[in-house]
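These notes open a run of structures that come right after.
Same chain, two partners: subunit A is paired with subunit B first, then with subunit C.
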Partner chain A sequence: MPAEKSEKYVENRPEQRCYKTGTILLMYTVGASIRYWLIFSRYQSIIGNHIEVSTPLNSWKRVSEGLYLQSKGINPYEGDLLHEAPVTMLLYRTLTQSLKLPVEITFLIFDIGTAVLLYFIARRYMFQLFVQQEESKEEYSEDSKEFLLAGPDFLNSPVFVAAAFLFNPYMVFNCVGLSTTVFHNFFLALFLCSMLYGSILLSTVSLAFCTMMSLSKIRAFVTVGVFILVMVSLKYISTVLSNGDAFIKNVYGFILTVPDLQPNIGLFWYFFTEMFDHFRDLFICSFQINATILYLIPLSIKFRNDPFLLTTAVLFLISVFKSYPCLGDVGFVLSLLPCFIHLFNYSQQGFLVGVIFLITTALGPILWHLWIYSNSANANFYFGVTLAFAIAQIFLVTDILFAYLKREFCLKNGKDRKIDGKDALLILE
Partner chain B sequence: MPWFILTSKSDRFSEELLIKPLYSDHLYVHFQFATKWDTNPDQESFRHTHIFPRALGEIIERYNVQELHVSLAGGLWRYETWGYPILDAAPGAEVWAWFKADTEDVDKNWKELASSLSGLLCASLNFINVDNSVNPEYTFKPRGVVSDQKINSTYVRYASLPREIVCTENLTPWKKLLPCESKSGLASLLNSGYIHNVRYHSIAIHMRPVCRDDACEFTSLELQQSVSLVYDYLIMGTKNWSFRKLFGQGLMGPCPLSENSVIFVDTTSNVSVPFQLIPSPDDYITSVRGGHVSTFAKYNVKPYAMSINANYLGKESVLLNSPPSLHANQYITGYGQERGGIVTKIYNNHWGALEVVVLQNIPWYVPIYLHTLKIDVNGVRVEPVGIHYIPGRQRQRPYHLEILLKLPPRSVASVSIDFDYVFLKWQEYPPDANHGFYIGSAVISANLPLARNFTGLPQDGATIADSFNASRRGYLVQVRTENMVITLPTPDFSMPYNVICLACTVVALAFGPLHNITTKRLVLTVKDNEKLIVKIKNRIVKAWTERNSGSDVNQSVQ
Partner chain C sequence: MGLLTDPSAGQGKLTKALLKYYTKLCVLLYLGGIGWLCSLAYTPMNAGTYFSENALLPGLVKSEFREDGTARTFHDELLDEMKKYDDSIPYPWLLAKFKQIGLDTYTHNFTLHYPLGKPQKFTGKNVYGILRAARASSTEALVLSVPYRPPLSVHATTSPSIATMLAFAKFANKEKYWAKDIIFLITEHEQLGMQAWLEAYHGTTCGNEGTLNHGDIKGRAGAIQAAINLELHDTSVGQVDIKVEGLNGQLPNLDLFNLAAKMLLKEGIPHTFKNRPNKNLRDPVKDWYYSFQTLMAMISTQATGIPNGNHGLYHRFGIEALTLESVSHNGKAGFLSMGRIIEGIFRSLNNLLERFHQSFFFYLLPSSERFISIGLYMPAICLIAGALFIKACANWCQLQESQIQDDSEEKPKTETQKPKAKPKRKEPKDMQKFWKDMKAKYEVEVKSYKPPDPDSINFVSILFAFLMTHVIGVLVMNSPQLLTMLGGQYDFSTEVSLFSGFIAVSAVLLLTPLFVPFKSCEKSMAVLNILSLLELGTTLICISMNNFSLAFFCAVIYVPLALIVGVTRCRVCSGIKKVVWLVAHPLVVLTVTVLTYTHVMFPGEKLEANFYRSLAATQQAIVFSIIDSMIYGNWLFSVVSSIFIPNWLCFWIVAFSNIQPNEEIPKKKID
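Coming up: the complex of A and B.
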């Protein structure tokens, strides 16, 4: 692709080789219809009951139990089935009881809303990439011009992002299975969107909402003051709503100490099922540190030039290592990947990762059925699948990060990898 | 002050035996031992006791117990065919107790009481803890007198251990609580070799404060000890029973400390299935109770060897079993080890409506969802009159559900609720993990308007004789359902090291590359295409040539 073409990039004017608004709208309609059809079909309960979709943290069954208990005047945080924050419970109650929206439609609206937000996120990010590319063009090496992105890439990438969200089976299952990760993803997308558009207030508020829902999203690249303020006020509202601090133990204590060992696609469940009791605290601490803050500072330093890539990578790592991950978390980050269309040429393990994703996605439910229903397999089989799934995600995220470094290197030093005319290798040293 | 005890006769002991042929080819044998001690339960220190067992008294005093009810049962009482027992008991062990209102830490006392009882009865009651006990709001009201009218359910605790197996080792210490132990009196018939070879057996201790007289100015302490046995004619081999067949021996006279020692044989069924009693009874008693007439043959135990035989005359007419007014059963629904349901079916065979309370004490490893509670009466969805629900917490508290229901006449109510199978830590599974986990029986309480099939004692009585002609406004029954067993999914118990290694490997797989990416920089290095073997070969060749050339130099010098 000739480099000159990219200069014609104008944000709002679609070109010939780009998708038309009609096509995009059709895409959204199709995505929504698939969800609509599945959510009202008999497959809904089958999908919703799968442990890959609903974890103790996000299953709608537990939310309905909480709403029911609240309606009976029983404090749902007295028991330990409910792990949603009071603020989000208020949101669900408002949505389902006051506004009289059918639950399924609420989920559908929020999921499509997330898809719309993702489109704008990708568009904004692509615009930033374009600006950055234009600004630092002079610094790039002469023969690396062909690696630069061209206009259609910039314009199509948002469409790909939306498509990756709308037609990603993980996201479809997540929405159809009525997991509250849908709402979480919505606020996460809102956070990313406002972060990219530079609205500190909105981004902190939405991040605070995310954090209220699942603790592991505290990250350092926001204005800490506003964040703390919003957190404190949300916490206060929560306390008022639930008459006490019991919810803290039920929501955050639950996420941090992992008392429920129901299998999921993460690493925690079998590890802490088989853990020796006197090492439990040590490993819980180390696993939680690994999931949240271990990679945060090194990655922030290394990738400070591309906050969005950094955010995506951190989100990815959290979705691998958090205590109760679900397909909705993985799918959300996967659908952000088309934003990094410029890194795809440098990634090496796409095929491997794709194959592992396919195999584990198919094998997971099969082995689960063999273990739980047919009694002919055991926990090790399912554990093996979740391990492979986690490995695939890890390969993917390290591959993308490595690809970023390689691209940066190539842009600076040109595509020739030769020292004194001899073939040279690009290695980390 | 032994002279005081002897002269005032402040405590009285009575022993009774009831033998009742059941409709379904079973024989119900119930031993009832009652002690009443005219002492103030609040001030008694249990330093000196006469008939009342001091071992039990010390426990009661120490843990501030107002009322204590312990039962250990093997087998299940079949309400549908056997009617109601004199004292209900859940399969396994069941304890409920009221503590006095000045008890500071009820949970602590309860735990320690259970441990002490466990020592007293050689049962595993020490497994009773806060995490499997509830304080029932409606089901277990005090049976004895209470000083103040307000009954606060924070002072009652109920727990059942459905897995407990009851046998000789519980009976022997239980017999030691009796004044004559098993040396004489009716208790000498409790020969463990015989009485555990039955369909159902239960031993129980019930202690409560009661009114000393009708004026109820003073209170006394009452202790009931009972053994219930249900013999199966099939196991006995014949329908004709005798003391020798039932207990392996005859009776050698009453307990000398007992005030009265009586044997009753229910002869109500004699009309349809006639049998002849040898020797002939001393007396016949007709009891009209709640519109239900029954007759009993009465024997006074005399201070010499005696035995009672019953010979069936063989002229059987067709038996019609009228099921009791209220009975229930309980089962698990669903398949697999992911989601299941508990269904309790309650049958009201009475012609009037019945108000019942259903108590479910569901262990914490069976988390139930209250919003899935569904009550169908004759297939029509109904709403309960009231619900008392305390959600459980993992490893801390069971799920406590009490449902108030109004059952229409002649109806079947099915109460169903969904639960999830949980995954426990590997060390929380019992040694035989695939044996399964027990869920205790539900307790269904009702005040029956009719005494059909009812043999229970009235609330103001402690002996079987008190139940004759004891018509009351209602007859309290507390039906226990079956225990249930669920098999929770198990991990592979041989895997801990492997799992820890594998999971940590995955974490390391992320840590390694990320560490590299963040701490190192990309550089170009010269491509080294040579294979290892070639490298080694080149090095050897190089060394060789150097050495050779060195020797060449030497030679040239020479």
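Coming up: the complex of A and C.
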């Protein structure tokens, strides 16, 4: 959308600076065609084999192996091959075998579905922001009015969110690499969507689905009762589906005790490769506490007024600290960022984080190649890069959260941060 | 966490200081990077080489090789035999000798379909024998290879090394201590044969499918741990040069280099690196200068990414390899010493318990006794590339600053437009009504008017332009076959059609700025500039991980030019910038480099003859880089065409920014 040079503005409304439905549809078509082209090109297997894209938890190879075993009447959870929950296995079986959808198209549909959901999430959130803004307008100081969102800003942000998902290379790789994180993201988006639209039942059901797929999402939940009910019933269905509890060890045990130390973009593999075995339990506990509940309570207290921001921050931290993260997790949270367009003016690390993301994304596969194929670099090089990648994410989430606090402060106290004529420091506590 | 939450880190003093001093800082970083690398040649700045892998046990080997008489006989026989084969390998004789010694003997055929121009086919044949280890089950192997050179070859003969190899094979076959198979390999057609054999051994293809048909081999030993490539040109050896630089600038493990150097030292044969013996000069300046020259010789070889011997092709298969080449031919040493050196190296390698993993894979050598590890040389490239990031960061801050300024300028306008007092909203009791009201208000608000900003950043167009340049780059990367086909129709040679084709393509690409819609938007141009700076910086760092020397050369050439190019309001500056950036075009850089090189290599020649010679050399260099990428998987051509050319185009567009000189705010200019 080119910025049209307008002559001095006239009173009757000139063209709006917001996006038309046609543009949005075109965007979705382009996003889908990029995925379609890549998914059927010879780059598919290269992308799919990258450890940044598919981890033991989400690789489609393992799922198809599991589906085959199931079709032969063998319990796929008996070995340590499959780490998908039985319910989702049922979903894949229905999609690919009963509905006879080609696998690639299934992934494509779910990915684009996620993008559509994200658009509505952002729309709803912008509306909520507006309501919040209107409600507390009186409390805001006079000179900070210009920082409030106005007019078409509200409509642009959802488009940015959709664009950030559709054209995000991480998301494209995630879909093209056929990682089941695509489905996971879909249910996550469904959960966020229903949460924002206030549908308790749908949100709990989708959250339960998410949790079934990967345990660490458990902490984002809002309504406990229904959640537990649905969880229990899903678990029961799972047990019936897989004749026995073997799947629990292979799905949740796998996530919690991290037995597979294949490198990924997370922080677990390196530490647990290096560690003496008798310290393993201690560090598993501390790492998992760090990844799940450590930040939940303080963040919930501080950001209780903006549950969506809280959820995003928590998702961010999960994608950094979980045991088998992949680019799909990171990309999903990154594409939610344009929702917080009102915070961007207050963030400071944007450039730094962008540069680190750029360099680490480029260096990661190169160092992997040098380590595994050329036999010249080693694990430390690759881990260094993933560490920098994690640091960049932490910088980003801290920056956004701090920007939120700063904005709140500025709106209430005016934009000049001065105490007795001197510049005051805002400190996050 | 203080770093993250301290607000003064962002808009505070640091930003101001950055905006004020960034030009000086960039210059400082650039010079600092170059200075850093230069100073690394100074002895106290680098470290002495040492054995990191204890299992090698090089000191424990007591040489027992006494087959120099046999070697001499083999050599005489081979010379007689070679007379019968002008232009091919005397494989019946070689096979017979291998069999006589008692090795498993095989031949290997390969075919090259020349990828450019008219379809042509070349065939070749390698001969190899495997000594099966007595104490292990063929799971690991070592290779001793020699490139065979027929009498008509332009290169110096290698017949003495074949004789040495055969004599060593005869000796080794009698020993019982071998735990790894030894493969004795004689390749034809220099690197082509080597590449074909390695591909056949591992069953993969490195270059384009269908170019080099590597054929099949019948006999294999286990995973190859290390390889020595032997090139002796005379029966008497005065000096041995150790060559390490491989394909794409990859190097063998430093331990292997140390091992070779140690064995040469033990036998009393002087060894050199880059044909320069070690000298310990008293005068520190002279000492530094001597090491610096050696260092630069290594850097310039490595930067080409072309292996300077057959050893260079092993590296990409994870095999440590180096070449021993005899350089001076009037020494006392002969078959006996060389045989003992080979014996020493192979017996040490035989001791290895696991593949080379200790020591260094990334290093630079200022002499054969001292090395510069990756931790020491990376700061050099990081400093230089850092200048790009600093400038990008400064431009970004400038952009944000101007945005804030714009906002504050607009502020009075908007305030007068806004209604001052708003009716106070009562606490809603009816939630449904409240939401309804809000929805209605929202609808109004969303459609409310906000003055469009003519100077706003047009991200979509910028990204589109950025992507299009890269698509062009990928097209250029895939164009050689088309260009040679077109040239072939008019009976041009491959060299000429490629060179002129690329010139024509570049000339057309010079017009790209015409199609950029946001040329007059200062901020959009600044964003494109930032993107290009970041891309160049990232590329340099990524290349430096693979091939430090290449990255360093590119950085030294490109960084100052890229720092100069930028958005400007001044017409004259803009003109200068365009000219400067034209010089940075990869084609121009290549031509100038070759010109300088030719001038240095042939100093006595007339200027005109020199020019034509270098022009021909440039054309050949382009063809070779393309052929190398197709046969060996050398990535230089791909990287230049798919990253450097697009990046160059982006900067070229930036140099064409057409911003109206603005009287109101003349001071606010970006760079």
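Points to keep in mind about this one:
As a convention for this text, the second predicted complex is superposed on the first by the 410 of 429 C-alpha atoms of A that agree within 3 Å, B and C clash if a C-alpha of one lies under 4 Å from a C-alpha of the other, contacts with A are read in each partner's own complex, and residues count from 1 in each chain.
Rule of thumb we're sticking to: a contact is a pair of C-beta atoms (placed from the backbone, for glycine too) under 8 Å apart; a residue touches a chain by one contact, two chains touch by 3 or more.
Only a predicted model underlies this, so the values are computations on that prediction, with no experimental measurement involved.
Within the superposed three-chain model, A:Q262 lies in touch with subunit B and out of touch with subunit C [touch as defined at top].
When the two complexes are overlaid on their common chain A, residue A:L81 makes contact with subunit B while staying clear of subunit C. When the two complexes are overlaid on their common chain A, residue A:Y68 makes contact with subunit B while staying clear of subunit C. Of the two partner chains placed by the overlay, neither subunit B nor subunit C lies in contact with A:Y324.
Between subunit B and subunit C, B contacts the larger number of subunit A residues. Once the two complexes are overlaid on the shared chain, A:F308 sits clear of subunit B and of subunit C alike.
Once the two complexes are overlaid on the shared chain, A:K406 sits against subunit B and subunit C alike.
In the superposition on chain A, contact of A:Y119 is made with neither subunit B nor subunit C. In the overlay built on the shared chain, the residue A:T398 is in contact with subunit B and with subunit C. Look at A:Y373: by the touch rule set out above, it reaches both subunit B and subunit C.
Note: residues 373, 378, 398, 402, 406, 417, 425-428 of subunit A belong to the subunit B contact set and to the subunit C contact set alike, using the contact criterion stated above. Those residues of subunit A that touch subunit C in the complex are listed here as 1-6, 9, 13-18, 127, 130-131, 134-135, 137-138, 145-146, 150-155, 348-349, 351, 355, 358-359, 362-363, 366-367, 370, 373-378, 381, 395, 398-399, 402, 406, 417, 425-428.
Residue ranges on subunit B touching subunit A, taken from their complex, read 335-339, 367, 369-371, 387, 389-395, 399, 420, 422-427, 489-492, 495-496, 499-500, 502-503, 506-507, 509-511, 513-529. The part of subunit C that touches subunit A in the complex is made up of residues 1, 4-11, 250-251, 315-316, 318, 355, 357, 361-362, 389, 392-393, 396-397, 407, 411, 414-415, 418, 422, 424-425, 438-439, 441-442, 445-454, 456, 458, 460-461, 517-518, 521, 534, 538-539, 541-542, 545-546. Within the complex formed with subunit B, the subunit A residues making contact are 49, 61, 64-65, 67-69, 72, 74, 76, 78-81, 259-263, 267, 269-277, 287, 290, 294-295, 298-299, 301-302, 317, 320-321, 371-373, 378-380, 383, 387, 390-391, 394, 397-398, 401-402, 405-406, 409, 413, 417-419, 422-429.
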